[in-house]
Every structure is written in structure tokens, then in C-alpha cells.
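Two complexes come next, and they have one chain in common, subunit A, joined by subunit B in the first and subunit C in the second.
== the complex of A and B ==
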């Protein structure tokens, strides 16, 4: 009996370790590659940790001119064909992702509230709008390109924000709906009895209780927006650049893909997500413990 | 009714109806609640009492009919403008706010000046014995504390009308008994008009000035607790009120008017004049404490076997055979044991004659009035 328990524990821990290795390996590889000089990027056998760490990849990302000067001094340097610095891409991704996240979560909250409290759209409506997400994005991308060019939305921040908001809205509604559902209607009823209108009761009573849920949803939506590639690729043409597009831009005539530079870009682009996640960690952990009385 | 003096009437329901998906939850409800009165809506779950309450509070739109407060129609006035207080069944305490914040909530929402707010809250904290809890968070309270906070939170706003929706259903029995007295005391003290919704007959009987008994969305009888108990208007009211439940004995009615006679296993051809009941098989309702039991046979008694003894503490309730029926009889503790033979009888003047078809009840003293 006791032995069996020990074995179970061992098995469980092994499973956890395997899962953790599986999850963290790409991150390790990303960071490791970002510090490798160009001749170690695609070696076989792979170089797990470089003996010659360099910041050249990061220089290329942020200061392409400086990087070119630096490379000129080196033996056998690489031909960097780099389209501009990454600042523009970070700016573009920040504007689009933040704006689209705010719009998606704001409208999602109102829509979710309406669905929960007023049963808007009937019983099956929450399932119906989720079906929007069952269509693979690639299936709608061509008509979107046509639509956007007619509406003159191609290659604009506004256009991309609109597209991202529309595609993440079902997630926002679906997630926030479950949080609002957990707040007893009676709490708002009590606020209304004491002289508040329905909307004010929602703002003062319900919203503070679902704040953590809304922030968790916002993080999720932000990650979706931040890492989106397909729409960014087809709906822009150089004016608007996002981080994901910039990563794809790092190619060289002689060596093909600039893996190290892409890794550097990738490493930096995970930072905003981690920072945002850390900021709202408290709310995510607190999660759904509202403490309200339920039947 | 219109144009009558409304000075004394706090709340009036006129033909109030609510239909959900074709089901009539509340049927043509008419009710008048006087200023300072404590009225209970009493009935089993699903009888429409909570629906009625939700319509009065403004959370539900009536299908038809009118609600008047102080003689003014409020049927389409939004919740927050009705100046009604409501204590929810689950209290709906704001768990993340302190008790003081909870109590201040309504006054802040109504933009009452700060000094007055604080004064009123302190006054009610004193009245409801909440002084020591003011700093605690809503989430830290136990059920009875929550109930007091919910009550205080509503009372500080000095509502025109206080609605209480089964406020004691979350409390244990001992606490309920002590709170009944406390609630009644506070209500009298403030002269507060109260509409109290409950399925508990003891709460309704012990606190109310009047009780409205409801079933299947219908107001069956609105009367004082005494009248509800002693002069129920129909079979449902008679059976819903009273513990142990009223005995229902099969009987036969012959003749009519002055020559009307009632026969049971014990009583044969007893004159029992009531207003209207057609001859045939009917039912006699009689409460356990109106039945006389003795160890020896006496005039008019019949022998009965004790099948079960229920111990109520100060009394015992015997379940004894009575022809086809079982009767409950209230006796002194130790009077009889299971299997004993006792002799029972009762006086028809204490009985209610129930029309088997309509369920209407005719009282013996209506016979006297007719005579």
C-alpha cells in the first residue's frame, strides 16, 4: 500500500517534470539562440549554451546601423538585409494590441452583462457567437482583404484594431460572462433598492467583484493580439508593422533566416506579456473567490 | 374603492397578475396594507408570494393590475425610485465592504449629507446591536449577523414600506425563535409598515397583524392570525395552519337549512346548521386540541387504539384509529402509550364543515347567526 503511494508520487512528479521541460524548452532555446553568434545558429550537433555570447543580435534589432559598422570590423561578417529598426514594430504592436484589447474587453463586459442579466438573445445565444471562432482565420482572410481595401482600412492602425477587436470579442464575452454569472443578481438588487439605477449598481457592486476576472481576460486577449501574425501580414503593407511581421522580416540574402536575430526579437517581445502578467498576477490567483453567498 | 381615504393605506394591490410562459404565477391579487401594519404573505413554495414581492419591489413587471403606494400608482416606477426597503432571503450583504460601509451604502446612494448619514447609521447600529461589528467585513459575518446588518442597512434609509423575503430561512430554529420577538419589537418601535413573506406558519402567526394565505397564485384568505386559525375560509387554509395538522374526518350531511344533520362514526344525526352545503359526503375538520380523550368510556365516546405517540415536550400527540381515519389528539405527557385503548369524542361546535367539492368551510356559529 505504502509502496504503491510512493510509486504514484514518483509517477506524478515525473509527469510534471516532463510537462515543464516540454513547456520551457522553447523559451530556453529562444533565449539561448538570441545570444549566439551567427555561425552557431544552426549547428549540428546543436550548441546548447554558446561559449561566445554576443549582443550582436540585439544590436541588429534595435540599432541596425550600429550593427552594420560592428560587423564590418569582424572577419567573415554577415550580409544583414534589415528593413529598419524594430522600434516601429514594437510601437505598432503596442498601439494595436492595447487598443484592441481595451475595445474587446470593454464591449465584451457590457455584452456579457446584458446576456447574463437580461438573457439577451435567448438561451443559446452565448453558444452562437462562439461559432465565429470555429471558422479558421485563413478562411475569412481573403474576403477581409477585399473588404478592407474597399473601406480603405488596409494598412491602417484603425483597420487592424478593428479586425483584432472583432475576432477576440467572442472570447471576451464568453470568459467575462462566466465571471458575471457568479455574482448574485441580488447584490445589484440590494444596490437598486437603496436608490441606484441598474447601470450604477453594475458599476459600483458588480464590476469591482469581477475586476480580477476581467483583468485575466484582458491578459488572455492581449496575448492573442500581441502574437497574431496572419491578419497583420495580409492587412498591412509596410505602414503598419507589428512585432510578428518584423520577426518574419529578418532574412538575409546569403544565409536565409536570421535565427539569432529572430530569437532576440522573440525574447524581447515576450517581456511585455510577462510584465503585464506579473502586474495582474494577484488578481488571477485570487480568481473566483468572491465570497458572496449562494444558494 | 377609488376616492376612499388613502391616508391610512400604505400599499394597495389592485387585480395584480403575473403570467410566466402561460403559467399564472399570481392571480388577480388584491391586498391592502395599512400604515404601520405587519402583514405576512404565507404559503408553500411556488405559491406566488415571492413573485408578488418582486412586483411590489419593482424587479418584476406585472402582467396586469396596479400597485399603489400612498395612493399613488408605482406600477411603472423603477426600483430605485420606489423608496421601498427589501431584505433578501440571502441578505445580499456587500462582502468586501465593512459593516459600516454596508450601512452607509443606501444613504450615500441617496446623497444624504455626511453628518446626517453618520448619525443615522450610529443610531441604528445601536438599535440592532451592531456596535461591535462596524469594522468587520461583510464576508466575515455569520448568518444571524448578516441578517441584522441587512435589516439595519435597509432601515437606515427609512423606507416607506419594508419587504422581508423569508429573512429567517437561513437561520437555525433556536435563533429564529429569539429573532421573531426582536423583529416584532423593532417593527413596533419604528411603526414600520412591513410585508413579510414566509412559508413558516409560526413566523406568520406570531408576528403578523394580518396574514394573507396564498396557494397557486391565489390569495385564499386575508385575516388576523386568530381568524386564520379559528375561522379558516377553506380547506387549504385549515390544513396549512396548525401543528399537528387539523384532522379531516369523513361525514355525511342530510337535509338542509334548519333540518341539516351531520353524521360521523361517533356522532349520528347531529343538527349542524350552516349556510350552504348540499347533502352528501363531506368532511369535518377538527383540531387535535379540541378532541377529548379519556381512559374510561364516557357519554358519546368511542374506543380507539393508539397507533403512534409524538412527543411535543409539553404535550403528547396521539394518533388514534377512528373508523377509516386516523385522528390526532393532544394529551398530557404520559397519558397513553402505543397500543393502548383510549376513548375519544369531540364537540361539533369546535368543528369546521368542509364542502367536499369546493373546499369551502362553513362554521357552526354561522348557523347560530342564521338562526
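== the complex of A and C ==
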């Protein structure tokens, strides 16, 4: 009996290890490719772990001039005609993601408070925000292109910020709503007996209690914004660049996809998202289910 | 401004943002869908020729569009079935406490933390003609296998769906695990006490109790998978010949490669209408919890 139990445990742990290997392998390949010199990117047989690790791919991403100098000293160099420098993309993503996150969370908190404490719009009102999330963005993108060209918002930071804010608002409202829901209204009532207005009672009593939840929501929304691709692709034309666009941009006319450079950019650009993701691991389920499933 | 009640003023910023970005474009869409607007003809959108309902008529007979619809439904069904199956199996491995449990969970959920475009790029390299997947097959079978997955009309869907499954099984896993951990323990203990076999406990006690969580997970994943765009764009762009186009990819190609804005607007309107109606029905499990 005992032996059977041990065998079961061994089997279970092996299954977990296999799953972990599957989960990690594509990421391993991304990172390992980012250190390969360009003649090893699409070698046959493929090189699983390079013997000649190089930082050249990272140099191409961040210091194109240094990369060109370095390439000049080597034989068989590669043309590095890539659009824009990655700094621009990081700047663009940072501006757009941070601004859109602040707007989305600020507006979302106000709306969530109103929905929880005043039952604004009745029971079905919050659901109309959800429909925004259900619609495939591509269906709204065609008229958005028209609207943006009328308002002169195409290819501007503000336009992208507006789009991101609107499309993450359902998440903010629903997530923050579930956090505010956890705080008993009586606490605010007690503060109001002491002469505070209702909104001030919310600001001084409830808000500090849900501060952690709001921060998690903000990080969650930031992740969504930072990873967004479709809006960035359609609503910009070179002036505004985001990291996701930059990753897709590393293609050269003569050599096709620049695997190593793409992998280097991909590795760096995904780090903030991974860090924030693990920081809010406890809340990610709540976020992606609109607060329906809590831990 | 002061005449507007306080609680309405609080929802106003959120509501107006959504109006500006979702509702106003939808109104424009209503017009565009009934025109034959093509920006390449240098006619402004409001001057485009009114086309009545011919766009919808054309869509009905547009094989590429119809195929993309069925392809998308197929992708949604397959991905979610596989994700759910894997997630249930994985979650069962994590029921008891063991030393490295937390670390293992962290590694397994890594895929969902990655930017989807980067994940798609990783799969592009994995399924390259000269990539590690073909290398593995070569090593296992002993014959050189240099199949180009991404340019085959049927097989190109495999890397696309695998990228999607790889990235989102972790979410399904987390949802199912959360559900399993929150199960009422006394019911399971009672079943054990009555001498039920583990399989019986799983199917007769745990699974029925998990139904609410699973239905939420499936609905949310279905809605998200239906929009699938990033992996398709990175891996194939719908090529060859539209054979891997999902609805989103079809509309992107139609609007921004062939510039048939009016026609694609009609497709968008149709999709918008169907999706919102279906979602309002599907959202029931969410509604119960909300």
C-alpha cells in the first residue's frame, strides 16, 4: 500500500516536471536565440545552445551605432536596416501604458464606487461595460480609423491612450467593484455619523482599505496595455511606436525575419510584464474573470 | 452640471470615454457598412456611394469570409477543449501540499505572463522549417524532416492553435485550481469515508461542484479566443491564400491590405451584432456571480 503511494507520488511529480518543461521551452528558445550570432538563427540542425554567445542582438536593439561598428570588424555582416530605435518604442509604450492605466483606474474607481454604493443604473448597468470587452476590437477599429482621422488623433499618443483607456475600463470597473464590495458600507456610515460627507467618507475610510486592490488592478491594466498589439498596429503610422510593434518590425528585406534581434527585443520587452504579473499573481484570476472568481 | 445627481456624475467619465471610443465608432460603422467606401479611390468616407444591403448579400456568398467564421469557431472549440482537459489534469496534481508546489505553479503559469506577440514569435521560431520541432521529429524518426508548417494551408493552423493553447492553459489551470481549493472539504471527506474510488470522487463529487467555475472559465476563454489575432498575424498573416484567416485576420486583411473599408465595415457590423447577442446569453454564469 505504502509502496503504491510512493509510486503515485513519483508519477505525479514527473507529470509536473513535464508540464514545467513544456511551459518553459518556448521561452527558453526565445532567450537562447537572443544570444545567437546571426548565422546560427536558422541553422540546420538548429542550435539548441550556442557555443558563441553574443550581445550583438541586444546591441542592435539598443545601440545601433555600436552594433554597426562591431559588425564592421566582423566578416559577413548583416544589414541592420530596421525602422526606428527600440528606445522610441519603450518610450512610446511607457507613455501610452502609464497614462492609459491612470485614466482607466481613476475613472474605473469612481464608476465602481458609484455602482457599489448607489446601485447606479440598476442591476444590469455594469453589464453594458462588459460588452465592450466582448466585441472583437477589429470590428471597432475600422470606424475608429475614420473617427481618429476626423479628430486628428491618428498616430498620436493621445489617440492610443484614449483607445486603451476605453478598452480596459471594463476590467477596472469590475475588478475594483469586487474589491469595494468586500468593504462593508457600515464603515463609511460610521464616518458619516461623525459629520463627513459621503464621498469624503469613501475617500478616507474605504479607499485606504482597497488601496492594495486598486494597485493590483493598475498593474493588471498596465500589463494589458503594454502587451496590446492590434490598436497599436492600426492606429499608428510610425510617429508613435510601441514595444509590440517594434518586435514585429524587425524584418529586413534581404534576410527576412531577424530572429535573434526579435528575440532580444522580445526578451527585454516582456520583462516588466512578467515582473508585474508575478507581483499580482494572487489577483490575476480575479482580474481576468472580471472579479467573478476570487481567491 | 449641479443638476446631475452625484452618483451619475461619478460614472460619467467612464461612460463618456466608452461612448467616444465604442459607441460613436459604431454609429459611423452603421453608415460605412452600407457604402462601398474604398479609401484608395480618394473619395471621403461620408461621400461614399450608398450601397444599400449589397455588402451583406456579398458577404453571404464570400467563401473566404464564411470559411474564416467556421475556422474561428473551430479554433475556439478546439483550443478550449484542450485547455480545459489539460487544466483539469494539471490542477489534480496540485491538490496536496508538497515542498516545491509554489515554485512549480509559478513556472507553469509563466506562459500567460508573456506578451502574446513575443509568444507568437517564439512559436514562429519553434515551427520554422529549420526549427527545433522539426529537429526533434528528425531525431525521433531518423529521417530528415524539413516540413514548412507555416506555409501549409491546413497544418499552419497547428502552430497557431498551439501558441494559443500554450499561452492560455495556465489561466484555465489557475481558475480550475482556485475552484478545486475552494471545494467544501467535508463532502469529499464524506465520499472518501464511504469508500468511493478516487475516479468516482472526481467525477461524481468534484466535477459537479466545479461546474460554476468551469463555466465561467469557458465563457471568458471563449470570448477571448474568438478575438484571436496576434498569433495569426505574427505566424501567417492569414496566408497562404487566406487559408489560416480567423475573423479578425480576415477583417484586418480586407480593411488594411485590400482597403475595402465599406465591405469590411459590413462584416464588422454583422460580427458585432452576433457576438453581442451571443455574449449576452453566454454571460449568464458571470451574471450569477456578479
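Here is the rule we use: the second predicted complex is superposed on the first by the 246 of 295 C-alpha atoms of A that agree within 3 Å, B and C clash if a C-alpha of one lies under 4 Å from a C-alpha of the other, contacts with A are read in each partner's own complex, and residues count from 1 in each chain.
One rule holds in what follows: a residue touches a chain if its C-beta (ideal position, glycine included) is under 8 Å from a C-beta of that chain, and two chains touch if they have at least 3 such contacts.
The shown structure was predicted, so the numbers you read here are calculated from the model rather than taken from an experiment.
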Superposed model, subunit A: greater residue contact from subunit B or subunit C: C
Contacts of A:215 with subunit B and subunit C, given as first, second, both or neither: neither
First (subunit B), second (subunit C), both or neither touched by A:191: first
Partner chain in contact with A:105 - subunit B first, subunit C second, else both or neither: neither
First, second, both or neither for A:240, with subunit B first and subunit C second: neither
First (subunit B), second (subunit C), both or neither touched by A:135: second
Partner chain in contact with A:175 - subunit B first, subunit C second, else both or neither: neither
First, second, both or neither for A:183, with subunit B first and subunit C second: neither
Common interface residues of subunit A - those touching subunit B in one complex and subunit C in the other: 290-293, 295
Subunit A residues touching subunit B - in the complex, by the definition given at the top: 184, 186-187, 189-197, 200, 205, 208-209, 290-295
Complex contact set, residues of subunit A against subunit C: 12-13, 15-16, 19-20, 22-27, 29-30, 33, 42-46, 48, 103, 106-108, 110-111, 113-115, 117-118, 120-121, 126-127, 129-147, 162-163, 165-167, 169, 173-174, 198-199, 226-227, 229-230, 233-234, 243-244, 247-248, 257, 259, 262-263, 266-267, 269-270, 273-274, 277-278, 281, 284-285, 288-293, 295
Contact set on subunit C toward subunit A in their complex: 6-8, 10-11, 13-15, 17-18, 20-22, 24-29, 32, 45, 89-90, 93-94, 98, 104, 106-119, 121-126, 128-132, 135, 138, 146, 166, 170-171, 174-175, 178-179, 213, 216-217, 220, 223, 226-227, 229-230, 233-234, 247-248, 251-252, 255-256, 261, 264-265, 268-269, 271-272, 275-276, 279-280, 283, 285-287, 289-290
Of subunit B, residues touching subunit A in the complex: 57, 59, 78-80, 84-86, 88, 90-96, 105-106, 109-110, 139, 146, 153-154, 157
